[in-house]
């Protein structure tokens, strides 16, 4: 991989947090610098006061069997995978504009959030590396 | 950032147009060459005859407070942000294949659309730069 | 384009398979090495036993006219476009973690799937090339 992977985490349905955790942890373990920029509905997954993240309506019927499959296969929750990525050096930022729109300040976020920054600052950190929009 | 950022804008729900505007404007202001390729449902946001873009059903309950938060925080509408990006040099293209499928021709699009081109032409413009799929 | 394009195909609604096919085929035709990593709900599109992929609920009303537009414009089905991309050298991998969660093994997948691999192996194949998350 390139030296850097930056992930814009926008989607707020529960399913999308799994690839966030998996990709951040896998890239971190490969020695890649990982930066995550949380914005939009995804901010709901990073507040201190926990919100239940919705499941995409088109696949609601599959939720119970997927939950069971994840338990049976001992897949770590996304939060633990992202925490692991952070131990490997990943940084997680909340988008200042969307935090403002949602009435959220740094104190409202889970300690997982390193800082609240603007999109330009995040793009600066991303540099010429790889960028994903989830 | 790299010298070029290309955005494939496919999603058609109203929320996804905000990161389109924010990222295009922020990258443009950093001197990055920005190219946007509008396809799929996102074409509904770029017709002369305005369509009301739907809100994702999973978050429909949050729409009123988000709208209020955007007004209170004076967040510019995505259209204005993308227009600003265009002043900074960004280009916006509509996908010829999906335009054809939807029965849309160049005359049906907002003047924001510079041209109607194919996916190969767009990938050619993207070159070796960064690419996002929204 | 860069020498490599890697696509993480996560979304499972029918519409998102069109840009997968279009981008993989267009990049392949330009001599780009294409690697696709199928995970999440998108695995439902790659099983031997065919599943009907859902249409995003927000745009359900548009489905009939889009289907008609695709037929009228002779747009190839995504499966055929991806098959064409494979003839040009593309590889398609299924995510071992999510396959396990869904109770799917290599024998359950369409022959389109070259192998079942982990996220780290896929990121290794992606190298420093371009990466898209659909």
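As written, the chain order gives the labels A, B and C, with residue 1 at the start of each chain.
Following the convention adopted for this analysis, a contact is a pair of C-beta atoms (placed from the backbone, for glycine too) under 8 Å apart; a residue touches a chain by one contact, two chains touch by 3 or more.
Keep in mind that what you see is a predicted model, and the values were worked out from it rather than measured.
Interface subunit A/subunit B: under half of the residue numbers present appear on both copies, so the contact uses mostly different residues. Rounded to a multiple of 5, the C-alpha superposition of subunit A onto subunit C involves a rotation of 120 degrees. Subunit A and subunit B have Cα centroids separated by 23 Å.
For subunit A, residues touching at least two other chains, in rising order: 56-57, 130-133.
Across the interface of their complex, subunit B is touched by residues 1-2, 5, 15-16, 18-19, 22-23, 26-27, 29-30, 32, 56-59, 62, 65-66, 69-70, 73, 75, 130-134 of subunit C.
Contacts from subunit B toward subunit C in the complex involve residues 8, 10, 12-13, 39-41, 54-57, 97-98, 100-103, 118-120, 123-124, 126-128, 130-133.
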